[in-house]
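Structures for review follow.
The following pair of complexes shares a single chain, chain A, combined with chain B in the former and chain C in the latter.
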Partner chain A sequence: MIKKTLVLIAIVGLLMVFWPLMSNFEFSQNLSELASNYVRGSVNELNTQNVVTSVIVTYRGLDTLGEVTVLFLATVGIGFLLGKRKGKKRPASELLQTTSSFLFALIVLFGVYIFTHGHLTPGGGFQGGVVIATAFLLLMLSDVNMKFNHTILQIVESFSGAFYIVIGIVGLVLTIGFLSAEIIPLGEFGKLISAGAIPIIYSFIGLKVGSELTNIIDTMRGE
Partner chain B sequence: MISVIMIVVLGVIMIVAGIIALHLKNLLAAIITAGTISLLASVIYLILGSPDVAMTEASIGSGLTTIIFLYALNKVQKEDKND
Partner chain C sequence: MIFTLILGFVLLLIGIYGMLSQRNLIKIIIGFSIADTGIHIIIVSIGYLRNRTAPILNSAVDISKAVQQVVDPIPSALVLTAIVIGLAVTALMLSFVVELYKKRKSLSIDDYQELKW
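After this line comes the complex of A and B, so read on.
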């Protein structure tokens, strides 16, 4: 009885905290000043079709660097804490094996498409990386005794992370700004090779996220 | 108007799914239900006009997180058997 009363009090308290937010909420019809600056800048200054990408990679580039670092630390932690252990596993069904060998290349291709077209269409490095990791997951499900070469994964991961920071530092050296997209020519609006360094940065992020998540899944799977 | 109805319906289904996931005794079914919540959330993001967030939610929330939960459940059950 006391427990239920306490839960009720907690719910009412939360309602009272959030009610002021709810009561004078209205849908804004216009963008705020900062938002309209970002929208104008990404189209006029950065030649980027997808505004979200230009905000994530350039205007808020330092935040993205922090996000990538958090993911890296999570991978390191999981690899450190979860040791390998052996156990018997039953082999996957014929159906799964055939389908995954067919789908693997297609899914990887789709992931690469998502992060190379991050500046044109929705999506980007993080989403593309996750899609690539799911392709490797399918491979792991179909072949339970498969062993991954962790050295290659780590090399891909650390090199793409290092190049990401090198691009940022090049912007500093050229006195344009840390992680600026304008270190190389911006190109034509709406073309695949445009928006300066944004596709390059997002490709590195995609490779990094893909290899990290593959590493996490493989560690979680155990041997 | 129709998008508002869709969002309300999806939100109600999400809340119901969350309550079901809490009360299910079968952990496997609870994990799948929790994955469904993320999938419906990604549909809501798509209706609200943010395909980038919807993609992230669909791939990470309902794909990868569910898989990692399943692996964790597998490990926990194995250790229960060994003990």
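After this line comes the complex of A and C, so read on.
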């Protein structure tokens, strides 16, 4: 009883902390200085249709590198905690097996489409990587005793991570800036081959996220 | 939108209440996930501007007047980062729970009091 009261007091206290923020909140009518610069720069400097992508990959590229690192560390932690696997399980139904063998290639293709078009349409490396991981999840559901070749997963993951950093360092060598998109020609606005290095960086992120999430799912399946 | 802002705060408070009141480790993680989602909704709704479109400069947007026509791209980028970090943290927490359950055969937080003062 005392615990419940304390929890309620904490919630009411939080509400009182948030209330002044909420009651005085006014939606702004215009973009902030920084956001306007990002939108203008996305058109004039980077030739990128999707402004969110140009913020993530170029303007705040260092943060994205940190984000990918956090995801990598989580994968390593999960692999370290849940190493061993055991036990055989009941096989999946024929319906699921047939459907998943048919859908697997389509889902992977859709994931690749999402991360190669990250600079043009909503989407990008993280979303595309998650879609690819769901394709592998479907494969695992349809064949419960299937074994993945972890060497290939690790090679894909480490090489895409390494190339991501190499592209960043190329920008430093050419004195343009770390993780700059302008290390290769920017192309024509709105076309698939445009926005300089952004599609390449996002493809590497997509491959890295896809292989990492497949790794996480595969390790958790072993439990 | 003010309603999505309120919805975000409500979700945040529900999540915090869940984390504080539940004894089951899995339910605490579910509470964390709900609070996480609430924060994402708050950030996205702060970046919303009335009568504007998504920050994707395709044919729906006049390129020369893009600054007057799109919503704030920065909260969207922040939330994209936050979702990925949230996913990684949730997966790591769940694997900690699996390991703890293997050691003590219990999911109740009352059985893990080593760090309680």
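The rule we apply is simple: the second predicted complex is superposed on the first by the 220 of 223 C-alpha atoms of A that agree within 3 Å, B and C clash if a C-alpha of one lies under 4 Å from a C-alpha of the other, contacts with A are read in each partner's own complex, and residues count from 1 in each chain.
What we mean here is this: a contact is a pair of C-beta atoms (placed from the backbone, for glycine too) under 8 Å apart; a residue touches a chain by one contact, two chains touch by 3 or more.
From a predicted model like this one, the values you see are computed outputs, not experimental measurements.
Student: So, does A:I167 touch the first partner chain B, the second partner chain C, both, or neither?
Tutor: In the superposition, A:I167 contacts neither chain B nor chain C.
Student: Touch test for A:R221: chain B only (first), chain C only (second), both, or neither?
Tutor: A:R221 sits against chain B, while chain C stays out of touch.
Student: Applying the document's definition of touch, where does A:V70 land relative to chain B and chain C: first, second, both, or neither?
Tutor: second
Student: Name the chain, either chain B or chain C, that contacts more residues of chain A.
Tutor: Higher number of touched chain A residues: C.
Student: Check whether A:F126 is in contact with chain B, with chain C, with both or with neither, and answer first, second, both or neither.
Tutor: After superposing on A, A:F126 lies in contact with both chain B and chain C.
Student: Is A:A197 touching anything from chain B or chain C once the two structures are fitted on A? First, second, both or neither.
Tutor: neither
Student: Which of the two partners, first being chain B and second being chain C, lies in contact with A:M22: first, second, both, or neither?
Tutor: After superposition on chain A, A:M22 lies in contact with chain C alone.
Student: In the overlaid three-chain picture, which partner chain does A:L139 touch, first (chain B) or second (chain C), both, or neither?
Tutor: neither
Student: Does chain B (first) or chain C (second) touch A:L14, or do both, or does neither?
Tutor: second
Student: For chain A, give the residues common to its interface with chain B and its interface with chain C.
Tutor: Residues common to the chain A contacts of chain C and of chain B are 50, 52, 122, 124, 126, 216, 220, listed in rising order.
Student: In the complex, go through chain B and note every residue touching chain A.
Tutor: It comes out as residues 50-52, 54-56, 59-60, 63-64, 67-68, 71-72, 75, 78.
Student: Which positions of chain A touch chain B when the two form their complex?
Tutor: Touching chain B: residues 50, 52-53, 87, 114, 122-124, 126-127, 130-131, 133-134, 137, 213, 216-217, 220-222 of chain A.
Student: State the interface residues of chain A toward chain C in the complex, per the touch definition above.
Tutor: Checking each residue of chain A against chain C gives 3-4, 7, 10-11, 14-15, 18, 22, 25, 27-32, 34-36, 38-40, 42-43, 49-52, 55-56, 60, 63-64, 67, 70-71, 73-75, 77-78, 81-82, 120-122, 124, 126, 189-190, 209, 216, 219-220, 223.
Student: Quick one: which bits of chain C touch chain A in the complex? Just the residue numbers, please.
Tutor: By the definition above, chain C touches chain A via 2, 5-6, 9, 13, 16-17, 20-21, 48-50, 54-58, 63, 66-68, 70, 72-74, 76-77, 80-81, 83-85, 87-89, 91-92, 94-96, 98-99.
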